[in-house]
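Following this message is one structure expressed as structure tokens.
Per-chain numbering from 1; labels A, B, C, D, E and F assigned in written order.
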Amino acid sequence: MTDKISRFPVPELDALPEDVRERILAVQERAGFVPNVFLMLAHRPAEFRAFFDYHDALMEKDVGLSKAEREMIVVATSAAGQCLYCVIAHGAVLRIRAKNPRIADQLATNHRKAEITPRQRAMLDFALKLSTRGSEVEDADIEALRVHGFDDDAIWDIGAIVGFFAMSNRLVHLAGTPPNEPFYLMGRVPKG
Amino acid sequence: MTDKISRFPVPELDALPEDVRERILAVQERAGFVPNVFLMLAHRPAEFRAFFDYHDALMEKDVGLSKAEREMIVVATSAAGQCLYCVIAHGAVLRIRAKNPRIADQLATNHRKAEITPRQRAMLDFALKLSTRGSEVEDADIEALRVHGFDDDAIWDIGAIVGFFAMSNRLVHLAGTPPNEPFYLMGRVPKG
Amino acid sequence: MTDKISRFPVPELDALPEDVRERILAVQERAGFVPNVFLMLAHRPAEFRAFFDYHDALMEKDVGLSKAEREMIVVATSAAGQCLYCVIAHGAVLRIRAKNPRIADQLATNHRKAEITPRQRAMLDFALKLSTRGSEVEDADIEALRVHGFDDDAIWDIGAIVGFFAMSNRLVHLAGTPPNEPFYLMGRVPKG
Amino acid sequence: MTDKISRFPVPELDALPEDVRERILAVQERAGFVPNVFLMLAHRPAEFRAFFDYHDALMEKDVGLSKAEREMIVVATSAAGQCLYCVIAHGAVLRIRAKNPRIADQLATNHRKAEITPRQRAMLDFALKLSTRGSEVEDADIEALRVHGFDDDAIWDIGAIVGFFAMSNRLVHLAGTPPNEPFYLMGRVPKG
Amino acid sequence: MTDKISRFPVPELDALPEDVRERILAVQERAGFVPNVFLMLAHRPAEFRAFFDYHDALMEKDVGLSKAEREMIVVATSAAGQCLYCVIAHGAVLRIRAKNPRIADQLATNHRKAEITPRQRAMLDFALKLSTRGSEVEDADIEALRVHGFDDDAIWDIGAIVGFFAMSNRLVHLAGTPPNEPFYLMGRVPKG
Amino acid sequence: MTDKISRFPVPELDALPEDVRERILAVQERAGFVPNVFLMLAHRPAEFRAFFDYHDALMEKDVGLSKAEREMIVVATSAAGQCLYCVIAHGAVLRIRAKNPRIADQLATNHRKAEITPRQRAMLDFALKLSTRGSEVEDADIEALRVHGFDDDAIWDIGAIVGFFAMSNRLVHLAGTPPNEPFYLMGRVPKG
């Protein structure tokens, strides 16, 4: 077990290009801390920019899939990939967005037992197939999603989120980056 | 997703043999609720008795392995078996016994990233091997544990706990028993 | 290969609690020898009692499932778990109970090729799924058993036997306990 | 379960080419019955001839590897391939050649627990690797065999037997051919 | 990476039995070079003869399955077995026989994406099942082939080719035999 | 088999944002055709930009790892993921950059048999581990790379390329995008 942020260099904020630094300061302002994955990627500004541009294009909208559903995909596939950072950090976001303190633990352990709708179950069955044995995806898998009302854009989003976090999981495994401590508890206790 | 306690009959407390009922009332008194696995097993009193006798013989002592270490084995192997009830219920107990609100989520996701000692890592490597590909266990695996100071009794306990929860996981999968809601939060928030 | 009974201490009969010793003497009287698993577990009397109480509650009845069918489950799932002791010892019992000298070898190698009924095939398909990928069991698997006439009690028995021998296999892998020699031939030769 | 000899045509002996018929009559004379695999292959005389020529070239010699050791390879790898015919038929031959009534059941269940020498263990570790994940074989695996005294010819024989029975297992799975009943008991009872 | 023809002895042509030498000279005349597998097997003349007799009995006919379809089976199953020699050498033959410069690369990577007919897809689904998990083949798999018009002889051929190349793949892994360089380009460029 | 570029909408060039269209025209000018993955991603301009920015940041440099070595990682891991587009398209680039017409087929089939240096073998062993079982990566895997002279930047590049193409493979599986025909032959024939 390591509590280092990364196996690779983590630059000082001052040493970063301005746009990267500002992006980090913005998330710090919103979250109250800097999620470690921002610091892990900062030593590579071009990759940092592409990563978060890609992330935001996929995760920050709620057409077709709700924001909570997007996080469900992240948690379920990251648990299959045993990525601690992704499960804990996105589990926190999922709990908040779904307003359900149990959902992340359920999806991380066995999505068949989670408090989800049949439509969400179909979404996650597809996401897990694409994530763990994607070469077996065929037209019939796409059709099975349409039956549940997913259109082209929603299906693309499911698959693209799977792809993006297949990358993200592997970057975390490469760097050995642990989740920030606050993520463990976020969204578990009703705000009083 | 089901919120039923079991796919099989769940008897009324009044209909149970006295010793079974008393065991259930005792745990309710201690925990504030009846963990679902007690109700799931109650329709089979002889099995109920053997199950909890066995459980207590393995889990309610702290020689060789601490009580927290015993729960670590349960959480890590039950996560490998994707048993939601066991991960959530024993995760709660583990957080309390280890006084660490992060440890259960870490072990449930990837034990290589958990805040544990090298000795505990060796214990869990062995437990996971025995749980998932036990036929490959050979003398060298036992010797590797002795190097970390585990004696005969401690090694037996590791293995017997693995065995007991291999059974327990499958009973839960059979019955479809969900964890009680309070387990999700137990041990996560410092008592004020 | 080892011919030791266990990697752990094997107590002298005289040193055992009376009820444990009597249970061992009783099986010796019936079988003509002491099956090694009794000696392997004797160093832990509380676990010994729970183990055999549990075993007898599941295996010594013939309602819903015949005794031979119970042994079929043990042999098929223990072969999947590559547990030599369980395959050989319970293979012997199965041959005797099914009055079929080929059935154990068939189930231990490939249950799809065994001389069994479609109902028994369904029983073993479920047992093997629960044993090797139990987290995938869903309501539909239970329903598939009902189609073959299994009721709640029979389905519970199938699953509980799977669970018990998932434990038993792992205890044997832990201890390295070999089968007693007489088991290899029992039930193979017609009594003349 | 089928008791048919094959899913494909089984010609009458009279309809076979003379050399094929004579080969079948010769094995019948030796064994007292015609092993089903001879009848399963008879509808394809050219393949029949190549198959048994290949078989005899590999199995009917005892230089480098004893005949019993050759059968060990067949039983261990055919059990990994879950081929009932090969495990039962070659298990019988192995028991006779090794003069050990337990050895086939041991190798069919878990070769790590069999009554074999370290040299034979190394032979079977290699055979199982080549059989189940042969693409991972590298020079170091060959060197590990030389350490145990296997020379070029013996190593080739191990590998060629693995290859031949990889084919044989699949032919049996294709045809669904069951073992002849006498194989189950052969070599188990000391001749009186 | 090795450029040796074999880990085992490769005899001089002059030292070979006449029939073996003539077979090698004949293929050299046809192909312009001696495929390495002929040289790899030459140190064992009896096995050499059986191997190529078997090969020719299965591959040199075009009833039921075209010659191109036979090579499809070889390429798809050898890719699953990660056998470089078989994929490259039979990929070359496949390109020529199918008059399609892309087909071998497609089948070697993901047969679901290849330019093949539904009948060929069914053939390869079966071939891959028999090759990688043959113990699961049951009557229904055979019936699924009949639906596509395959008769007994064609189905046998599919299965026998799978079996033969299961052997062949393992012999290549044993010997470490690389493909001859010309195979890489054969059938890729239209003859001008 | 499909020859459609994507299961999702493929916009006309005229309908694209100017920067996207220019990027597509630039690659067309260089390559002589538009690689299908550009068209597949064009319906999502923000993702298109992030994808190719990320791609170029990782693939268009030759410090630490040569450009050919970067393509080796793509081909080996995409073959493990059975991604036809990535294997064929990047196989073409690899052949050209490595000036070796055999290397892509070797890496796509079995990287252990490829014409590579021990340093490249270590690079690909790590890449394949991160790609297929990344959760098992630990400090020792990183150290094993340093022994071969890879520094922080080179190790990061290996891992980031693995991550990026884990995403890319899944996008292709999602969209069902086939490789452009010219890729199959590129780099195979010496320019005359």
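Just so it is clear, contacts are C-beta pairs under 8 Å (C-beta built on N, C-alpha and C of every residue); 3 or more make two chains touch, one makes a residue touch a chain.
All values reported here derive from a predicted model rather than from experimental measurement.
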Taking mean CA positions as centres, which chain lies farthest from subunit C? F
If you average the CA atoms of subunit E and of subunit F, how far apart do the two points sit, in angstrom? 29
Using CA atom averages as chain centres, what separation in Å is found between subunit A and subunit E? 44
Measuring from the mean C-alpha position of subunit B to the mean C-alpha position of subunit C, what distance in angstrom results? 23
Provide the list of subunit F residues touching at least two other chains, using ranges where the numbers run on. 2, 82-83, 110, 112, 135, 176
Those chain pairs meeting the touch criterion are A-B, A-C, A-E, A-F, B-C, B-D, B-F, C-D, C-E, D-E, D-F, E-F
Under the touch definition given earlier, write down the residues of subunit F that touch subunit E in their complex. 1-2, 79, 82-84, 87-88, 91, 101-102, 105-106, 108-110, 112-116, 176, 178, 181, 184-185, 188-189
Subunit B contacts subunit C in the complex at 2, 7-9, 43-44, 46-47, 49-51, 53-54, 57-58, 81-83, 130-131, 134-135, 137, 139, 142, 152, 155-156, 159-160, 162-164, 166-171, 173-176
Per the touch rule, the subunit B residues reaching subunit F in their complex are 110, 112
So in the complex, which bits of subunit C are touching subunit A? 135-136, 138
